[in-house]
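Each structure below appears as structure tokens.
In what comes next, chain A is part of two complexes: it sits with chain B in the first one and with chain C in the second one.
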Partner chain A sequence: MIQSRPRTPLGYLPILLPAFALIAFYIVPFGSMVGMSFFHNLGGGAYEQVFTLENYARLVSPFFLSVLGTSFEVAFLVALFAIVIGFPFTYLLVNARRGTQVFWLIVMLSVLSLSEAIIGFAWSTLLSRTAGIGVLFEALGLTEKAQSYAPSLGAVLAGVTYIAMPYAVLLLYPILSRIEPDIEQASRTLGASPLRAFFNVIVPMHRTPIVVSFVMIFVFTLGSYLLPQILGRPTNWTLSVVISDQALLQSNMPFAAALSIFLMTVTILLVLLVTLINRKGAKA
Partner chain B sequence: MTRPSALSRRTLLKTASALPLTLAAPSVLRAAGEPLKVGVYGGYFQDSFDSFVYPEFTKATGIEIESIAVPTGEAWLIQLQQAARAKRAPADVSMMATVSIMRGMRTGLWATLDEAAMPNVSNILPTLINRYDDGGLAAVGAVSWYITVATNTDSFPEPIGSWAELWEPKYADSLGLLALVSNSYLLEITAKTFFGGTDYLSSDETIREVLGKVAELKPNTRLWYRDEAQFEQALKSGEIPIGQYYHDVTGLAAADGFPVRSNFPKEGGLRESGNWAVAGVSEKIEEAQVFIDYMSQPSVQAMLARNLGTAPNVARESMDLTDEEFAAVSSEIAPVIPRYDLHFERTDWLNQIWAEMLQA
Partner chain C sequence: MSGLIVENVDKFYGNVQALSDISLTVDNGQFVCLLGPSGCGKTSLLRIVAGLEDPSAGRIVLDGSDITTTPAHKRDFGMVFQSLALFPHLTVGDNIAYPLAIRGVPKDKRRAEVERLLELVHLPGKADRAITQLSGGQRQRVAIARALIMQPKLFLLDEPMSALDAKLRETMQVEVKRLQRSLGVTSLLVTHDQREAMTTADLVVVMSEGKIQQVAPPIEIYRNPANAFVADFIGITNLIAGRIEGGRFEGPGGALALPGAKSGIATLSIRPEDIALAPQAGPDTLTGTVTFVRHLGATTEISVDTGNADEKDLTVSLPGRTHCPFEVGDTAHLSVDPASVVVLG
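And now, the complex of A and B:
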């Protein structure tokens, strides 16, 4: 990459537009949310513009910590499933014929075009006792009587992983498609089975992309609020569900803002921690 | 023609209310010939008012109406308050939830109405009249609807006689209940069923005691729903065969041939209402009063029951509804009335203890 500073002030002109966009569409709204989180809620969507810490005082409670725990549990498991399924899938995909690759990439992209509400309803039907796999399992004799598998933690994980999968594949695809075929051939020549070559050579080689993809899916999943409502029980409702309830149904904007900043801060700290650990691990 | 479900009138607007429409409506010149602006919940409600109510009203009074779509939830209240500061009224008359009426009363948002100009308001049930502290009339009940016990008759052929049955072990993991303290009104229903009435919800201790009784429903509840469509579909298919739901919508589903029934428990269905209130800055208060008076006539209330499926806000004897028409929208059993005062004064606290109960 060529890196040189512009020689004249005019040379900085091209970055003005992105800088303006960043300020107008990111920093200003974010700043107003930070400000909002310190206002006093009057109820019914009204608030008083005075400085108060009451919103933050309220969220420091065992209840909100346990809801945060639920969020992290869901996001962690979804990121894990998405990588565990997505990495081998993508590896097979990059080694497949061109036509097959295009087909699967289109399938993945079309998942992204579906509304989350539709995905939620589809999974709740699929996991139902009256019209879903419950009926199938009964017919196959796997269960004595048709059962329902939603709402449950498993249903939430299935639904959210379904949404996260395309991201996992699209994140890993460009990286895995750059693998030299010689590497696997070399390990095969040295006597490794294809499975062993995959686990002992390919996976460790891609440690950093795997960690990065994991973190990105983790963060992306933390924002999920619709599927936990549709597919989960109250114990599976994430902090994002609570935030959307506060903002949309209780009209308590200051508290919703405080919860959002709380979630964001903890997330950033967590991501920093993972990055640090990964860097140390990579050096060792 | 199939009538759109309550989903369109309630849930869709909940989503719409997520967008605080703070864009100022252009201030228009107020001319004498301008129509009266009436706001009701957009979607099903507005469509019905546009076709059944406004044309008849204009025919009867000569007053033209401009129909305004109002979001449910509190977004409309915020818009009215912001507009009032700029001395504008985006709608002269609005249909509002009772808690929103109370919030507006606190800031004096609503005009004090002249009862002498509205003789028909005396028909409206006294519980549906909201007054300022000085006795001035602030809001008049517009329409009501009931939440009852809905059942899938394939799963449970016998009618349900009491809310208390929902606590029975035989319904383990079978119920669908509304997810929020402010839309399930389960505190009120439980207080009426087990504690002698909603007056029991008088202190923190008694509210927590009633909440403890609500918590006993958790093992029986499969789905705590926010989205009406989700429960309605599960009820029709028998996936979730019993729960609380809107009486009118259940009746329509039954009429469409689905195996569902709305059961009025002996403790009464829960009765929720929308109210008419007039913006204090409106320059059409007289016309607004003519409108509210017109809407309070027993004949108009009966017409709403037939065409919108809302429960009338006037005494049954004053209307010409047949038994069948009346049963389709209401019941003679005294209803459970939400403790709106509590929801108004203790919003955050109620919401917090409710969430802790549910998500623990």
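And now, the complex of A and C:
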């Protein structure tokens, strides 16, 4: 690493552009959002530039806290499902033949290229009473009459997990592809069945990547606002839905800003907590 | 029947045959080395014995029972991998105790066993260390301890010493051999390093191109190689092609008396240390031009061009303190004790 400082002011020139971009595109908008969250809403998209805490005061209500709870519940479960399905899947993938690997990676990338709206409507059709798996279940005799599975919390989880899965796989793939095959084979020669070798060695060995991927998917899922509306009931709506509702439909920018900052703060605190717990666990 | 029997094992990878018709018997308590250049199939054979790969044909029999289809985790073998394959998330003690933990041995008993094994591999009191805190040689010992804690029926080692530096490797080879002798565990070691094989093995199995070339004790392999490949692979040798007629060999550079040798076309294998300098040309000497002299301290090596096939100069090794009268370009006369010559068909 180069430790010396530039000798002339001109030496600082190369960092000017990134510094400008950082200020113009991150710090200024974020600052204006922080400022906005303290303004007084006049209704109809207008607001008054006076300092008030009323937006934050309104936040602390059972309704918004329960919406926040729903957001975390959805994000937590989705991150959990994505890792629980994604980790074994990726492990099988890295041990598969080259062609199989390429095929599945392309499938994962194509899922990412789909618009969230298309995914939402596809799932809502799939879970519907008239054209979905309900008809299949009836035909198979699993249920007496076809029923609809959306809107529901389950439908939201299925849809969001579907989007989160490729992220989980793409996050874990480079890490898992570096495992030496010897590790799994060693545990087999020492008496572990392939399944036990997976749970006793492979999973605990990758504790940190698993936690990091979990946190990333958790944060990524918190921002999801379209699928909960398409696939969920209003009780399944996440804070992101409420924020977009306040900003776009109610035109209450100050309150939307306050909600965003609230969500962000709680998220950062949660991520810090998880990181801390993981570091402690890794040391123990 | 006690011990390991490998019976007519073949192994194909696609169309490539890695092993062809391998048969081998390892008696209980024996230390056997599979020795050969890379790609000779020795690692495939070890992995088939370990149960990590299936043979395409043939059987593996241990103590009288066929284990060909027994999965690796039910064979109760201990194996040390080339990469060591220690579990990075576990401490030294937990690594060594892994086979016990898998089998549900209670914690306090595990602890005692781990300490016993750590004593055995000269790492006492290191149970709570992280793997990353250990040196290469120490990791090696941990991998050995982990493979031995179950008192395995078979101790398998896949080039475990190849990552160590030369000096440490020699120390570990001696230590592995001592450990094996004191425990009496039947062992199979794969290596491409002939010194390693000579140090550790009771029996050396020389392999090449998926076939066994010779099975014999180390010194026998050196003194009486079965064919040109073994002679050339084990140590340094001079291979001289020529013709034997009436107990005399005639080849490039001269002739040698070989009383009792079968007549016909033959290749001789003569070790460099078995060649001596002759004062002058005689009926039983080889003559050539000195092309290189190397003073190595313990020995002096002289290369002599006798017009041998493939422009392979003869190598003569003299004890280091012997006076070497030659310079490059001089003519040298060489004599050989017939008893030290191996005639290859």
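Convention: the second predicted complex is superposed on the first by the 269 of 284 C-alpha atoms of A that agree within 3 Å, B and C clash if a C-alpha of one lies under 4 Å from a C-alpha of the other, contacts with A are read in each partner's own complex, and residues count from 1 in each chain.
Following the convention adopted for this analysis, a residue touches a chain if its C-beta (ideal position, glycine included) is under 8 Å from a C-beta of that chain, and two chains touch if they have at least 3 such contacts.
Model, not experiment: these values are computed from the prediction.
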Q) Which holds for A:G191: it touches chain B only (first), chain C only (second), both, or neither? A) second
Q: Would you sort A:S148 into first (chain B), second (chain C), both or neither based on which partner it touches?
A: first
(Q) Under the stated touch criterion, which partner chain does A:D182 make contact with: chain B (first), chain C (second), both, or neither? (A) second
Q: For A:T235, select first, second, both or neither according to whether it touches chain B, chain C, the two together, or no partner.
A: first
Q) Of the partners chain B and chain C, which touch A:T130 in the superposed model: first, second, both, neither? A) first
(Q) After the superposition on A, what does A:A46 contact: first (chain B), second (chain C), both or neither? (A) first
Q: See if chain A has more residues touched by chain B or by chain C, and give me that chain.
A: B
Q.
Looking at A:V201 after the superposition, I want to know if it touches chain B, chain C, both of them or none. Which is it: first, second, both, neither?
A. second
(Q) Could you list, by residue number, the parts of chain A that touch chain B in their complex? (A) 41, 43-46, 58, 63, 66-67, 121, 124, 128-131, 148, 151, 229-230, 233-235, 237, 242, 245, 247-252, 255
(Q) Taking the touch rule as given, give the residues of chain B at its contact with chain A in the complex, in rising order. (A) 14, 17-18, 20, 73-75, 77-78, 81, 99-100, 103, 179-180, 182, 222-224, 226-227, 230, 234, 237-239, 344, 347-348, 351-352, 355-356, 358-360
Q.
If we count contacts the way the header does, which residues on chain C are in touch with chain A in the complex?
A. 50-52, 71-79, 81-85, 87-89, 98-99, 102-103, 146-147, 150, 156
Q: Using the touch definition up top, name the residues of chain A that touch chain C in the complex.
A: 180, 182-183, 185-194, 196-197, 200-201, 204-205, 207
